[in-house]
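These are the structures in question, set out in turn.
Note that chain A is present in both complexes that follow, paired respectively with chain B and with chain C.
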Partner chain A sequence: MASGAAIFVILLLFSWAGPFLHTASPYAIHPHLLFQEPSWQHLLGTDDLGRGMLARMMYGGRPSLGVAMIGSVIATLLGLCYGMVAGLSPSLVDKSLMRILDAILALPTLVLMIFFAAIIPLDPISLILLLGLVSWPGLARIVRNEVLAYKGRDYILAAKQYGASTWYLARTHLLRSMFPIVIVNATFTVADLILTLAGLSFLGLGIQPPQPSWGGLLGNGSNLAITGSWWLILFPGIAIFLAIMSMNMIGQGLLNRLEGR
Partner chain B sequence: MISSCLQIEHLNVRFELGTGGLLRRGAGAFTAVNDVTLNIHKGECLGLIGESGSGKSTLGRVVVQLITTYTGRIFFDNVDLSALSSRQLQRYRPRLQMVFQDPAESLNPRFTIEDIIGEPLRLLRIGTLEERRVRITSMLKQVGLTVGMLKDRPGQYSGGQRQRIAIARALVTEPELMVLDEPTSGLDVSMQARILNLLHDLQAKLGLTYLFITHDVGAVSYLANRVAVLYHGSLVELASTQYLINNPHHPYTVALLDALPRFVRGSRKSMSGAPFTKHSEGMTLEGKQHLMPQNSAGCPYVPHCSRCQERCLNERPDFRMLNEHAGVACHYPVDSPA
Partner chain C sequence: MISRRLAVSLLSLVFLVTIVFFMIHATPGGPAYSILGMHASPQAVAALNRQMGLNQPLSVQYAIWWAHLFEGRLGYSYIQHIAVSRLLGTYTRRTLLLDLCALALAVLSALLVGMVQGYYADRALGKIIGFAQILFYALPVFFIGILLIYIFSIRLNWLPPGGIGHHGGMSQMRHLILPAVTLALPIGAGLSRYFGHQARQEYRLDYVRTARARGFSDLYVAYRHVLRNAVRPFITMVGMMIPALFVGGVLTESVFNYPGLGWLLWRSALDQDYPTLSAITLLIGILTIAGNLAADVLNSILDVRVRYE
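Here is the complex of A and B:
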């Protein structure tokens, strides 16, 4: 878990603090410096428009990581609320809510994203909302099942015996009991969203050029693979890989630590 | 005249089976408690015994108003609890408390011990923060724990200590009646004795009334003044403890006591005369008891009763007093051999 956190912090620093050390603009076009291989002048090479890959990688990390993290927070809050409401509602309401959830889960995320990409402008804010809105049903189901499992516990009964309201039970007992599973799910969702966003950007449905993103850089690089510019593919690929791996390591570590007690 | 703490009159609790699902609707209802009338005297410990599924715990939960879907009346301090709204009930909740069977289940593992014992005070809005802290620490001492534990979590302690925490939580609102729902059955034997001692001392010191639910006849004979025997939700026998152990009158009570290992029974002679048989009078308590139709007109114990006669099949026996010690719901009670 510590190494996962370390890798993720390095990626965050690279994206947000990096540009203060390496001040080159990610948008400045240099017609005389197209397809430069990595060298001491251009540490990660340059792309088809002569833009420095290092600067583009740094600025590209911001939407990739930021959108995924905030999207995960939104998805977690939505899933938590929906699952709690379903689990604490009377059986019939619970069942209706779960069938609605099934319907939402049946929609393929990618198709949904393509649909939305067609009708709304794709900027980081709308992407955060979109990704947040499509990734909560899994957690909602987990939370609802946890609520059902905890609802009959004697400590819930004991609290009811002192006249505890449903809101009190949800806020204290259930939330505290579910904290590990929710936090672990949130970390895995971040990893998931990094990959989803990279995939969307790769397809041109995510962060729109010229704004860089890791997925977009990877897509651009793969289009230019015929020129033999391996650095345009390798570095964004490594960044995406490290981000997802570190998040999964954090999630797994949290799981072991929190559930192991 | 002994004043009563709690009076239960014609209590019935039914659980609907197979709720939800179009195909399973109408699967019927299970009667957990069947027309029980019972009186708990002030300051006594009333034992409530019976096998698993006999409705003991349900009865206890009705008494503390955890289950409110019952018919019948429950008088506490001359007030009919069944007629109160949940808001009005709130006033009586501090005075009725419950200790659950398994402290691992009844204490939230993510709460500190201070939060656990303080929870009833917070929820029932008793006292200021400072007063609550004083009460919590004094409770902790009363049940034999130390103040240093306040910030710990229950997982760090043994079953016996956790049950002490649960007892402290129940006592913190200064209740008059405590329902003890098998408080010792999750503990090992040496712990059981200590917890029983603690409960005994607390009762004497604080003038508590107990409803002690258990299937441990040894524990009942130690703590209870009177014992009520429940069979399939019906009260079959009620007697003072020593009298019941020596002179069980209902065939079910006889079977229940005879099913005990011999060393617990002390000097009691087996009804069948054979020293080590597990069941007397051809009793078998195995089988599909819970599938037995419950609404038939006869005595609920008919399928297992060796003394069953024509009358038992058609007429449900009413509960009646046999003498000043014991009452029984049986047409042909067993006469004590003693």
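Here is the complex of A and C:
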């Protein structure tokens, strides 16, 4: 878990603090510097328009990680609300809400995302909303099951006896009890959303050029693979892989601790 | 259990059809503008709206949408100028061919690798295999695809980088190899990890040790005892991987320009060819819902415990 966290922090620093050290513009075109291999002048090489890959990778990390992280927050909040409402509702309402959730979970998420991406405007805000609105159902189910598990505990019953409202129970006791499992799940959601966003941007249906993103850079690199420019493929690919891997390592580490307690 | 599961699948279907209907109607300027272009005259738009029934109330259009769906009328592609329903047959066949090849490859390699991993579980080889499984499971499928294209098509020039080649024969086979391997790698990695774990559990049991002590060869024990007992739970796992196959297929087909359903979905999204896009979203959606249903039903038939839950 520590190594996962370290990798992710390095990626965050690379994306947000990196441009202060390496001040080149990610948009500046240099016609005399096309397809430069990595060297001391251009650490990660240059692309088909002579733009420095190092700068593009740094600026590309911001939407690639940022959109996924904010999207995951939205998904977590939605999942919490839905799960809480279902878990605290009378049995019949809860059952119907769960069947609806089953039905939503059976839909192919990526296909629907591609479908939506063809219709909505593709700016970072819309993408955050898209990712957040599509990826909450998994968490909703976990939250609902947690609510059911805690509902019958003595301390909840005691609080009820003292006249605590349902809203008070949800806000104070339930939320606090399930906080760890929600955080674990949010971590895995970030990893998922980084992958999904990278996939969409790779297909040209996510972050739009000229704004760089790791998925978009990889897509551009794959179109230019025939030129033999391996650095346009390898660096964005590794960045995406490291981001997903580190987030999953953090999630798994947290999960192990949670189950070990 | 099965009737409840069926009801949920029907609900999924209703959600799917409704989402697609409303999103298509939310397209900028409405469908007529997408067909005629953003600079169409109001008269032309009004005429087309009348012709396509788009001037009717939304509820009527929604009913018509369902009726057309049952008749298999999916509209005309803006780009290819042909009825979408006539496009789908060819593309579906290509996708099924690719997906079946990939699934076969994934299952066979998972069985083989899993057996080896179970046997060598505590030695270096088992650990190396375990590391490779995590690696391939975590690598994005589009990244694997490009790496394979770069290595085997561009550097080594062994295999074509994309397309489908001539119909039938060697050319088509050669075009299938890289996409099938790309699609099979993450799925095979997931499956083999699961099966390797099963095989390892099996190898630890007393009856396996007894069989070995009685002098049966390792291969005989592996085939007769370990494989047969470990393979049962593995089958349901394969069923659960089918949705992942469709999803991975969309990206793989796009990377390799392999003209199947996933590729058509991608192209029609980029071209904003809404009739094709909505038809394929519906088709892949229905296939996924049916796949999930089939996997659950199979699961409940194979495992009595699930049925009484």
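Methods note: the second predicted complex is superposed on the first by the 259 of 261 C-alpha atoms of A that agree within 3 Å, B and C clash if a C-alpha of one lies under 4 Å from a C-alpha of the other, contacts with A are read in each partner's own complex, and residues count from 1 in each chain.
Here is the rule we go by: contacts are C-beta pairs under 8 Å (C-beta built on N, C-alpha and C of every residue); 3 or more make two chains touch, one makes a residue touch a chain.
As the structure is a prediction and not an experimental result, all values here were calculated from the model.
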| item | value |
| --- | --- |
| Chain A as common anchor, with chain B and chain C clashing or fitting | fit |
| Partner chain(s) touched by A:A158 [first = chain B, second = chain C, both, neither] | first |
| Partner chain(s) touched by A:L21 [first = chain B, second = chain C, both, neither] | neither |
| Partner chain in contact with A:S177 - chain B first, chain C second, else both or neither | first |
| Partner chain in contact with A:I125 - chain B first, chain C second, else both or neither | neither |
| Superposed model, chain A: greater residue contact from chain B or chain C | C |
| Least Cα gap, in Å, left between chain B and chain C after the two complexes are fitted on chain A | 10 |
| Of all residues in chain A, those that touch chain B in their complex | 91-92, 95, 153-155, 157-164, 168, 173, 176-177, 179, 261 |
| Residues on chain C engaged by chain A in the complex (per definition of touch) | 4, 7-9, 11-12, 14-16, 19-20, 23-24, 26-27, 138-140, 142-143, 145-147, 149-150, 154-155, 161, 243, 246-247, 250-251, 254-255, 265-266, 268-270, 272, 274, 277-278, 281, 284-285, 288-289, 292-293 |
| Chain A-facing residues of chain B, complex | 19-20, 61, 64-66, 86, 89-90, 93, 97-98, 100-102, 105-111, 119-120, 123-124, 155, 169, 173 |
| Chain C-facing residues of chain A, complex | 99-100, 102-104, 106-112, 114-119, 195, 198-199, 202-205, 218, 221-222, 225-226, 228, 230, 233, 237, 240-241, 244-245, 248 |
